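Please read through the structure below; I'll follow up with questions.
Chain lettering (A, B, C and D) follows the sequence in which the chains are written, and residue indices restart at 1 in each chain.
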Amino acid sequence: MNISLKKARIIIRKALEAGAAAEMKPLSVVVVDAGGHVIAFERSDGASPGRFDVALGKAYGCVMLGMTGSAQRDRAEAQAYFVGAMNGLFGGRFVPVPGGVLVRGKDGAVIGAVGVTGDSSENDAVAALAGIDAAGFVGEA
Amino acid sequence: MNISLKKARIIIRKALEAGAAAEMKPLSVVVVDAGGHVIAFERSDGASPGRFDVALGKAYGCVMLGMTGSAQRDRAEAQAYFVGAMNGLFGGRFVPVPGGVLVRGKDGAVIGAVGVTGDSSENDAVAALAGIDAAGFVGEA
Amino acid sequence: MNISLKKARIIIRKALEAGAAAEMKPLSVVVVDAGGHVIAFERSDGASPGRFDVALGKAYGCVMLGMTGSAQRDRAEAQAYFVGAMNGLFGGRFVPVPGGVLVRGKDGAVIGAVGVTGDSSENDAVAALAGIDAAGFVGEA
Amino acid sequence: MNISLKKARIIIRKALEAGAAAEMKPLSVVVVDAGGHVIAFERSDGASPGRFDVALGKAYGCVMLGMTGSAQRDRAEAQAYFVGAMNGLFGGRFVPVPGGVLVRGKDGAVIGAVGVTGDSSENDAVAALAGIDAAGFVGEA
């Protein structure tokens, strides 16, 4: 089971809408497949130029380790050098905070991830989940 | 003058539609700003997973050198070691073939670039120009 | 559809056996998934230490571009700077010669790739295909 | 004295069996030689795609510094910036936690290392030792 481009568009649009409705700062949203490769991305007007990298770092780390952004944050709080090592391992493409959300298909297998950045990490995760839900998938933040 | 997310969406949709109408292989399209940073990207279903990197390499090189993909290809034919050096210089984010298209605003200044990949380099450029035209900008391929 | 570890083991064993039966030099064989990530690898005794990198470079490039090693070699012969750019783009993980073989599932979709190195590129591809056939998949070299 | 492919296969199979017998999460196991270069690797079905990188980071660091994963973890707890520097030094291929186990031959010399990842770092090390023991070598975790 894969995330189609059509589904990825829904995830992004609904995540951006959720952010706007909650008056979050301008969000950026990436959707990656089960191998961590980009399917689609959008950066809101007014967001800073590095937001693609931040969003991808959140989503890529989720997929590569099979861990949510929250779980990575917890590991980082307990063992900062471990997430530092992961950052080097994945060529810097690793941002261990909420806003990185695993996407699971109907059988529970990881089929990709979403990375949201722009507001607080917790709000980023809320927006990501809204998009994933709207697309009919199960998000794990 | 900037490319808004709304305009970037038009570029991508129209480029993908142009590719489909001409029965090209599944295309992937990126839009970057005047700093070479990603505004939006979409990968068609059926395209291979590395297409984001190829699309970005085309668009990034255009912006960073202010040269079109065609001009880079001509330089490569004449002086392959020069484009090899650019590839190293920009950390590998440099794909010197058509499909990388500069986007100019009304005053002629470069406001970003589009990178398209999936079919022949020449067809990729045709699709990119279709998207840029539909958004009301001037493309230079 | 994925390549299970059980299937990957069959691919590797049968590729190594095919090489030994044909009196090829000691082979090394990698199997990667649809995202280019390693499932399994074995290096024969007597093979040089860099063989993992060569095998992975062959398989990774196949998956990322959706092109066989032979097609990459043809592109390299026609346009060397293009494959040079791909090498930079994928962080050096790109070896554009035969021995990189796409693996397709029953519906024709790419589900991974096999990279073989150690003998001539053409023989490497023969061994890869033997392994893929034995596992019940379709190889495209 | 070297680790033959035959011995590497035993290490991997027995480590995976030890993990399954103890109901650990799906493990991934790499065996590297005395130069830190990959001999063999297997990723269990259900493990996340980045597990090759994590396993190799554990084993590579062991060989390159002649330090076990536990010793690296202790150094990290005392001096996080040191392991951060090692991570940069070895291009990110450095994961300073248990699960990286040195392999010694009969004369006590280091002949390679094993990296296991997937469960807790401590359990990873237990599985690695089980594999190394089964192959008739001495592991130092």
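As a working rule, a residue touches a chain if its C-beta (ideal position, glycine included) is under 8 Å from a C-beta of that chain, and two chains touch if they have at least 3 such contacts.
Every value quoted in this text rests on a predicted model; they were computed, and no experiment measured them.
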A correct list of chains touching both chain A and chain D reads C
Distance between chain C and chain D based on Cα centroids, please, to the nearest Å. 25
Can you work out the whole-Å distance between the CA centroids of chain B and chain C? 30
Length of the line joining the C-alpha centres of chain B and chain D, rounded to whole Å: 43
Could you pull out the residues of chain B that touch at least 2 other chains? 49-50
So that we know how the chains sit together, what is the shape of their touch graph: line, ring, star, complete or other? other
In the complex, chain A residues that touch chain C: 33-37, 91
Taking the touch rule as given, give the residues of chain C at its contact with chain B in the complex, in rising order. 34-36, 63-67, 79-82, 84-91, 110
So, in the complex, the side of chain B touching chain C is made of residues 47-50, 53-54, 57, 76, 80, 83-84, 87-88, 91-97
Of all residues in chain A, which touch chain B in the complex? 2, 4-5, 8-9, 33, 35, 37-45, 49-50, 52
